[in-house]
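Since the structure comes first, as structure tokens, the remarks are kept for the end.
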Amino acid sequence: MARKLAVALSPDQLQSMLRTMHMIRQFDLRALDLYREGAMRGSTHPYIGMEAVAVGACAALRPADRITSTHRGHGHCLAKGGDPRLMMAELLGKATGYCKGKGGSMHIADVEAGILGANGIVGGGIGLATGAALAAQLAGRDDVTLCFFGDGALNQGILHESANLAAIWKLPVVYICENNQYAMSARADKFTSVPDPEVRAKAYGFPGVSCDGMDVMAVYRTVADAVARARAGEGPSLVVCVTYRYFGHHVGDPLNYRDKAEVDAWKTKDPIDRFQADRLAAAVTQEIDAAVAFAKASPEPEVEALMEDVYA
Amino acid sequence: MARKLAVALSPDQLQSMLRTMHMIRQFDLRALDLYREGAMRGSTHPYIGMEAVAVGACAALRPADRITSTHRGHGHCLAKGGDPRLMMAELLGKATGYCKGKGGSMHIADVEAGILGANGIVGGGIGLATGAALAAQLAGRDDVTLCFFGDGALNQGILHESANLAAIWKLPVVYICENNQYAMSARADKFTSVPDPEVRAKAYGFPGVSCDGMDVMAVYRTVADAVARARAGEGPSLVVCVTYRYFGHHVGDPLNYRDKAEVDAWKTKDPIDRFQADRLAAAVTQEIDAAVAFAKASPEPEVEALMEDVYA
Amino acid sequence: MSRPVIETTPAPAATRVLTYAEALNEALREEMRRDPRVFVMGEDVAVWGGGGVFGVTRGLVEEFGPQRVRDTPISEEAIAALAVGAAVAGARPVAEFMYADFMGLAMEPIVNQAAKIRYMFGGKASVPVVFRAQEGAGRGNAAQHSQSLEAWFCHIPGLKVAVPSTPADAKGLLVSAIRDENPVVFLEHKILYNTKGPVPAGDVAIPMGVADCKRAGRDATFVGVHTMVHKALAAAEILAAEGIDLEVIDPRTLVPFDLDTIVASVRKTGRLVVGHEAYERCGIGAEIIAQVITAAFDALDAPPVRVCGENVPIPYNARLEAAALPQVEDIVAAVHQVVA
Amino acid sequence: MSRPVIETTPAPAATRVLTYAEALNEALREEMRRDPRVFVMGEDVAVWGGGGVFGVTRGLVEEFGPQRVRDTPISEEAIAALAVGAAVAGARPVAEFMYADFMGLAMEPIVNQAAKIRYMFGGKASVPVVFRAQEGAGRGNAAQHSQSLEAWFCHIPGLKVAVPSTPADAKGLLVSAIRDENPVVFLEHKILYNTKGPVPAGDVAIPMGVADCKRAGRDATFVGVHTMVHKALAAAEILAAEGIDLEVIDPRTLVPFDLDTIVASVRKTGRLVVGHEAYERCGIGAEIIAQVITAAFDALDAPPVRVCGENVPIPYNARLEAAALPQVEDIVAAVHQVVA
């Protein structure tokens, strides 16, 4: 079947992606402030550092496509078009919030917008996403579901059961593992039995790939391929995005399990800085290209011009 | 670490294996009779056709090693040294049975003998076996646990979770998948997303191999290697034994999902016939070998013999 | 999913005798014809002997095809979780668990997802899923294939719980369950599948939350579910011979629960016996008693009595199994106790 | 496992003030010193900030090493199942679930394996495992991190269920749970971890099945668990000012259950209020009422009243959450109702 592979995004789309990455970062910085000042309850899990994943992945979707999210869900929600006002109101438990104040950070959802919810259960969204993909298949639609989950969820049984089902039924779902190196204090490389979790896709006979989760365009291209495959009826894929969370798991994380040097090293790969720099460089490149094109397309001077402009 | 690989079994051991295979077959044929005549309740799942798996695998064990079994558990129990009298009494729900009549076919256990029980839950023994291996590791013992389960259990989440844990903790457990082609009416090749389930071991970074489950010596050699590895502290393995159940899933199985030709084809590979034939051929080979050895080792006739025996 | 929605005109109340399994099958078939979003998934629901180990899904794959009648691998957690996700995304799944005991593997999606999604999402989603399973002992299936676990589900807000005892109730309640916008745990009983009874043809939804008086009586009220309804009717015959007139009420659904009907009965009889096969401790019998006590303490002339499963795993041996289960004579004895 | 068994001489009953979390920690530490077969496993029990998100396992990995204090992946079903297998094979695991809500993932090994193995195997195995978890609401953790699910476990024969409300009970019951040959579901409460109380030093097992009268009173009996004990003690102060003398009984374990102590109290007061944070429907309150009704119907001067969690998922918003939970004033009102 012919697949539509990752297409070039328009400058407007790219601009909007950069804006969403900033939005996610600022949203979560503000959520941390609100939490620290006691305006929030429960816990909040910042997505800061991981913005490229949600934004790159969701750029590959159509509005009718769906996502499932995690406890660390603000980024996914914003990237899929969630309204920051309704989200923020929900964090404060207000009647105007997405969940009328009943859900809080971990249960924000916007089913109309295809956001089937953050989830307080690690792995809780995996079966839901697979089921949503089944619903699309049954309805004869080519909608795709993206299923976000962390490296910690890799070892939940539901992933195994869902992946097998998605494979045998060729369901249009893309499993996106956000490998941010830790599940609370548990290092991905110690608690998951394989260094590269994408090999687990082999156990189900579907493609497994990894990409640089700090590079929004790399995420976009990788996920777009998987989405195209799913949309074409060829079944699920696993995409592992290698990334990092800058902050603690939640406010109050003792952070004794990792050192500052590691954090600093990752920050040098900051996804926003990088995309911004790439965008700026690209803009300059574009100008230069335009200059070259202009130059090349321009006429040679006429011979008549030889003696012109010697004097005013 | 040096491993003791599959060692040659003594003639007594081989004879005892053959005897156990016969014992399993006759035990289950009789159980079917008892069930049909109404002497048993619940259900009974005959192991007939699969005898090579339990017997070959358990031949690789020491008495202090342990096994976990399944709903189709009579074969495992007999192979690990279970007492057929106490088993049969349990099938009839008698006070003298292994479970005092409280368990029936699906819960026969002999913890002293290392048989941690048949199990009514598909996949139910997988976590138990992995935990028993953990107990052995914690106790500083080199006992190994064999975990039997069917192809149907391959898609239960507990296998995924347990395999990951066994891998990261290097637990002395060997996962033995009895791929008898069906889980009730579900064909293994349609309900499991990969044709060769042993590839799933790659998802955990430990060895996965398959062997001819109709050949008791092939099972023995393959499992013995995995057991040696586990005993040496090198962690788990997955062994897939390709086999077949001759009868229905249980009495009353409509058997509409497979045809007789398939059954007949598998019966030509009967594990008992084959082992018996091999044993007989081996015995003849041994006699011939002995004859050759005798001949070779025998003295040439003395020259003096030249004129002897012409007349009485 | 191009099948047209077939408009059903309520059929004339022609009544046939069907088994409980056939009645369930008819409900599934008629709802699948009516609404193309309804589909069935579970282990061995399609290929196995033509539809489920108890025949409830017989013939469905032939009529609706393997897309809408899906055999699954043995993956109970995923069966439940996929059904929930599909329901949120607009389908109407009927997910089958071969034995209720196996729902221990599926509690997370049923309890933490299905039951809570609507509330957690501020009312902006619905989860129209039916989780079917069969409970109960009596066939020597032993401890892992004989439990009645309805109390677990009744405990969880957001779930509805149906427990039909007759073919007609089975059909009518399953129709309602499938049409409900909420997750319904629909618990059948293995011993009842082959029992027969009259079932009206056609569109016969029985609303959830309406108890049914299976036998009117003056002297004592029995409230129970599944097989206990039938045992109570048998006990009522024995008691009638002694001149004791037992009223037998089947709540039919436990959530919602028709307390009014039961309280009205207790106000009439002054005596209450409650029965279920499930383990007595923290079973639904305690809840029913607690609710009646609150609503009608004054009306009770004797302490209510429970006739329930022993607090013991279900044993294999026939004699022990029978002793672990509440029997007709236990109901008779309990009624004697309350009317004494 | 070469550590020697350290013989503990019961220490002089020196009493210190500890938090509930510290008391639990002390129980684990002392039992791990005493018995080398005891080990701890769970998510973030070792490395995370030095021992569990609530500090219950603090310092254990430093003393006993990573073999006996095992951080696990996020695999709740396997945590439970491995613990059961290890227990059958001679170890004594204490498995932690970070939130009781996550036990939905682990019901199968807890309920179908741990609870039933001894019985199914004809008494020829024991399963000395402790499943620790924390329940309860009050911190805005919302619907999937706030439930109290003790009724599920009480329903299942073969499990014991402990629910300590004070630091001393926490230590003494955990010691008993670890020494028990049976599976114990040991449910802590998140709000109680930082509460303080006197805890005797040394070997202080509190036997299972012995209720504790936390306040003697003449006019009404309150039976409740966890935070409800403390709320009832607060309510008792308010009521005392009105001249109503509330007796507050904490069963401490729900299975086994010390009915005798409660019946004796009800025979004295004639009034019963039962309280828990768990959803009211099919919660343990109903069971306690049903048992008291059976044992002491004649002694009751008023219908028992339940003060329980609403039948609703726990909401995030503080005001709604408070409204979903039973509060001191609800207890006061309930006592007013029964003494009216």
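Residue numbering begins at 1 within each chain, and the chains themselves are lettered A, B, C and D in the order written.
Definition applied: contacts are C-beta pairs under 8 Å (C-beta built on N, C-alpha and C of every residue); 3 or more make two chains touch, one makes a residue touch a chain.
Predicted, not measured: the structure shown is a model, and the values here were computed from it.
Student: Name, by label, each chain that touches both members of the pair subunit A and subunit D.
Tutor: B, C
Student: Counting C-beta pairs in contact, does B-C beat B-D or the other way around?
Tutor: The greater number of contacts lies at B-D.
Student: Let me have the rounded angstrom distance from the C-alpha centre of subunit B over to the C-alpha centre of subunit C, please.
Tutor: Those two chain centres are 41 Å apart.
Student: Using CA atom averages as chain centres, what separation in Å is found between subunit A and subunit C?
Tutor: Once rounded, the distance between the two centres reads 44 Å.
Student: Distance-wise, how many Å sit between the C-alpha centres of subunit C and subunit D, to the nearest whole number?
Tutor: Their C-alpha centroids are separated by 32 Å.
Student: So which stretches of subunit C touch two or more other chains?
Tutor: 72-73, 75, 77-78, 101-102, 105, 108, 112, 119-120, 142-144, 313, 315
Student: Specify, in ascending order, the residues of subunit A that touch 2 or more different other chains.
Tutor: Counting only residues that touch two or more other chains, subunit A contributes 99, 101-103, 107, 119-121, 124, 154-158, 161, 164-165, 168, 191-192.
Student: So that we know how the chains sit together, what is the shape of their touch graph: line, ring, star, complete or other?
Tutor: Drawn as a graph, the chains make a fully connected set, so complete.
Student: Can you tell me which positions in subunit D touch subunit B when the two form their complex?
Tutor: Those in contact with subunit B are residues 1-2, 37, 39, 67-68, 70, 72-73, 75, 77-78, 80-91, 93, 108-109, 112-113, 117, 119-125.
Student: For subunit B, which residues count as touching subunit D in their complex?
Tutor: Interface residues on subunit B, with respect to subunit D: 66, 68, 97-103, 107, 109-112, 116-117, 119-121, 124, 126-140, 145, 157-158, 161-162, 164-165, 168-169.
Student: Name, in rising order, each residue of subunit C that touches subunit B in their complex.
Tutor: That would be residues 43-44, 47-50, 53, 71-78, 101-102, 105, 139-145, 313, 315-318, 320 of subunit C.
Student: Can you list the subunit C residues touching subunit D in their complex?
Tutor: So the residues of subunit C touching subunit D come out as 77, 101-102, 104-105, 107-108, 110-112, 115-116, 119-120, 142-144, 149, 151-152, 154-158, 255, 278-279, 281-287, 289-290, 293-294, 297, 302-306, 310-313, 315.
Student: Which of the residues in subunit B come into contact with subunit A in the complex?
Tutor: 155-161, 163-165, 167-168, 190-194, 199-200, 202-206
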